[in-house]
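Below is one structure, written out as structure tokens; comments come after it.
Residue numbering begins at 1 within each chain, and the chains themselves are lettered A, B, C and D in the order written.
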Amino acid sequence: MKTQIRYLEEINLKSPTAIVGAQGLRSVGKIALQHLIGELKPKIFAELYSRFLPAFFYGPSYLSPLSAPGVLRKDGFTELPSIRFYSHNKPELIITEGYQASESLGQYETACEIVDFFEKLKVVRIIIFGAHTTGKGVQCFATDLDLLKELTEYKIEKTQIDKFIGLPGLILGIGMIRGIKGFCLLGETSSSSNPEDPDPRGAKMVLDKLKDILGIDLDTSELKEKKPIGEIDYHV
Amino acid sequence: MKTQIRYLEEINLKSPTAIVGAQGLRSVGKIALQHLIGELKPKIFAELYSRFLPAFFYGPSYLSPLSAPGVLRKDGFTELPSIRFYSHNKPELIITEGYQASESLGQYETACEIVDFFEKLKVVRIIIFGAHTTGKGVQCFATDLDLLKELTEYKIEKTQIDKFIGLPGLILGIGMIRGIKGFCLLGETSSSSNPEDPDPRGAKMVLDKLKDILGIDLDTSELKEKKPIGEIDYHV
Amino acid sequence: MKTQIRYLEEINLKSPTAIVGAQGLRSVGKIALQHLIGELKPKIFAELYSRFLPAFFYGPSYLSPLSAPGVLRKDGFTELPSIRFYSHNKPELIITEGYQASESLGQYETACEIVDFFEKLKVVRIIIFGAHTTGKGVQCFATDLDLLKELTEYKIEKTQIDKFIGLPGLILGIGMIRGIKGFCLLGETSSSSNPEDPDPRGAKMVLDKLKDILGIDLDTSELKEKKPIGEIDYHV
Amino acid sequence: MKTQIRYLEEINLKSPTAIVGAQGLRSVGKIALQHLIGELKPKIFAELYSRFLPAFFYGPSYLSPLSAPGVLRKDGFTELPSIRFYSHNKPELIITEGYQASESLGQYETACEIVDFFEKLKVVRIIIFGAHTTGKGVQCFATDLDLLKELTEYKIEKTQIDKFIGLPGLILGIGMIRGIKGFCLLGETSSSSNPEDPDPRGAKMVLDKLKDILGIDLDTSELKEKKPIGEIDYHV
């Protein structure tokens, strides 16, 4: 099965910013993305299906563990694992609900298909979400010096971490060699025996900075306190 | 080696229902499918060979364990692992004896080839078999609300399980995004240290519901009691 | 890198029998094949290179363990792992020095390329070597009843083993669905903590039966006694 | 994503020698290559990107461990893992900063792309770097007898090691079957609990021999003493 992107409806944005979050360290990126969708209520317009999207990971999904394919079942309905694309008009955003693919090959292929899609949608900037455990506040890394400087104005320091594993990072990296600029916002979090143990505080930090950068209105108050697993809308 | 489907003979059904079972939790789906073949005596009309069908699994086959390819030997004869298709006339059925493929990629590729084949055979509905350990009786999940309602009439409740790993589920999921409706019947079973330890009782439950749904005659009495491994016609 | 077969020289056989041995249980097939080459002195005429042939296996090679690619070094020379084909005239033989490929996909692809090559070389029969630990003497399995009967005349019983893992078996299986007949000769051996610990006695048994079947002269006396690892010409 | 080589600028060499080093035993090849770049100051002219280049290895990179893709971050900048090509004029060199790819398939595919690229660049000789723990001084293996003899003149003995795992070896092996001659220089090192624990002494030995072979000027004095990890310019 080739990777396929199914349009649910046509969109027509002029120069959107793509925002990408997926499973990852303390689920910060995933929570931030899901909260953003909940708040902005963008409309879903496309879904990506791939033979590399498993239903089950034998370990933290973003660390390329072994995995097994299958379907997800939600309230009795069948669901094939997918990556979902939402569009928002003011500002123009392509909000991308990522999903870690299996194997090195699968992560690259999926990231590449998404960057192809972003090019088609005339995306001019890619913002990805992540987390760090090395210091205070939101940190960043970017594709070029101008963006790093711009982020300093929002009091976002560049990170000292030397590797960023997983699909959103690959999308940023592949986008970069195609000429799309972008950066990563890393929320502060702490280590946990389960690396994907949800930490809404990191997600809140990331969204509060995003709010400033995009100049949008966003209520992040419900992400204020750490909640135990299961109390937030978190799946996969 | 590309996946290949070899026709043993031509069939001509108008709008068959495909039934799929394979190795899985407590072998419920496999046993149900093999019993169905034993009872209905459908004729085998095609075989699928794939580079992703191993001869040996280093763990429960449906959980995508490591595996090794090779041949199976039955009474001195050589057999290349395969998925077998049987046809039945009244009602029109394509009974598919599944086989778990190796790797995420292999499961998707094999499921996709089978759905392609189902489309060619004008399949209008896909029924897959599985098992659950969360509650009583047969449970289900389906591709749409109408089917879920229909299944309620047969006193089949929707399941609470959130993931269904393995080939039959993928066939249902890929069929769904191609527009083929279908559902999964999950027989009640219990956990076991060997997840594939055969439980004929779960298979009996599934077949008894199938009997009602399809309006066919089916003797499931010999599946009544749990038999130890080796006493039932169970291989791979 | 696509699998490639490099001709060292052209051969012209009318209806050769292919003989295949590779690493496997107690190295019986590998030793038998290497001894056959040493005795018959066939000329090497082709080599197969594949991205699936590793230089190092993290476990018994035929059980599809993890592996790592690289080169082999022999007396200061570089060697890329390969499968070698030798031709012999009376009787017409294609002696194939197999090599276990990495991954399910690699074993299938390599076996398939070899069967393609055999078809091109007009191979009419495939004989593979293996070993068993279930009973006395040489056992067999075959692609059809006629061959099983024929083998009974040489006092070779059909085996009770139900799986045969590895490249030679796949070659036999894929050859079979392409219409090439063949069988496997399994030498008697015993278990060992290292499954590939060389057992020349099993190889001797296999070759003594092959001698009868092919009607050739073959000195197997030096395989009479079990030698410790390292004393026989055994590599990889 | 297909493997892609991006030109940063055109080069025009007549018959260059390619030099390849990558992660490996005690990081000898990597250090030697990075030091060579630091001393000769060749200009970078191309980069190779591949879906098989991971950001993180769960073990020694050259032993084909499990791995995970992602991006590297250097001082706040995003970097997609890559293999870098540098050109030098007198003598004509293509200095290749290798990178271990994931999986058997990935190592072969990457090595093959690099040899394709070398052919296009009219490379006439391939020299790779490595390490050994079996004896004194620099050892070698080569693609043919003439080179082995030539290396004897530089007091480089042929190695007794029978396997050489990793990308540079594959490049040499694939180059060989394409008709490009070459050899491997193995620096003396010792075992360590971390197989990639940097040993600059092995790298110094290799470069001192390379200096003689190429007739170039090279200051290797700073590699004289073993430094702990982190004190040398060593990353990935």
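Heads up, the rule we're going with is that a contact is a pair of C-beta atoms (placed from the backbone, for glycine too) under 8 Å apart; a residue touches a chain by one contact, two chains touch by 3 or more.
Here the structure is a predicted model, which is why all the values come from computation and not from measurement.
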item: Neighbouring chains common to subunit C and subunit D, by label; value: none
item: Magnitude of the superposing rotation for subunit A and subunit D (Cα, nearest 5°); value: 90
item: Interface numbering overlap (same over half, different under half) for subunit B and subunit C; value: different
item: Centre-of-Cα separation between subunit C and subunit B, whole angstrom; value: 36
item: Interchain centroid distance [CA atoms averaged], subunit B/subunit D, Å; value: 50
item: Touching two or more other chains - residue numbers and ranges from subunit D; value: none
item: Set of all touching chain pairs, with the criterion as stated earlier; value: A-B, A-D, B-C, C-D
item: Residue numbers on subunit C that touch subunit B, as the complex places them; value: 62-64, 104-105, 107-109, 111-112, 140-144, 148, 158-159, 161-166, 169-170, 172-174, 176-177, 182, 184
item: Parts of subunit A lying in touch with subunit B, wherever the complex brings them together; value: 1, 6, 49-52, 54-56, 66-80, 102-103, 106, 235
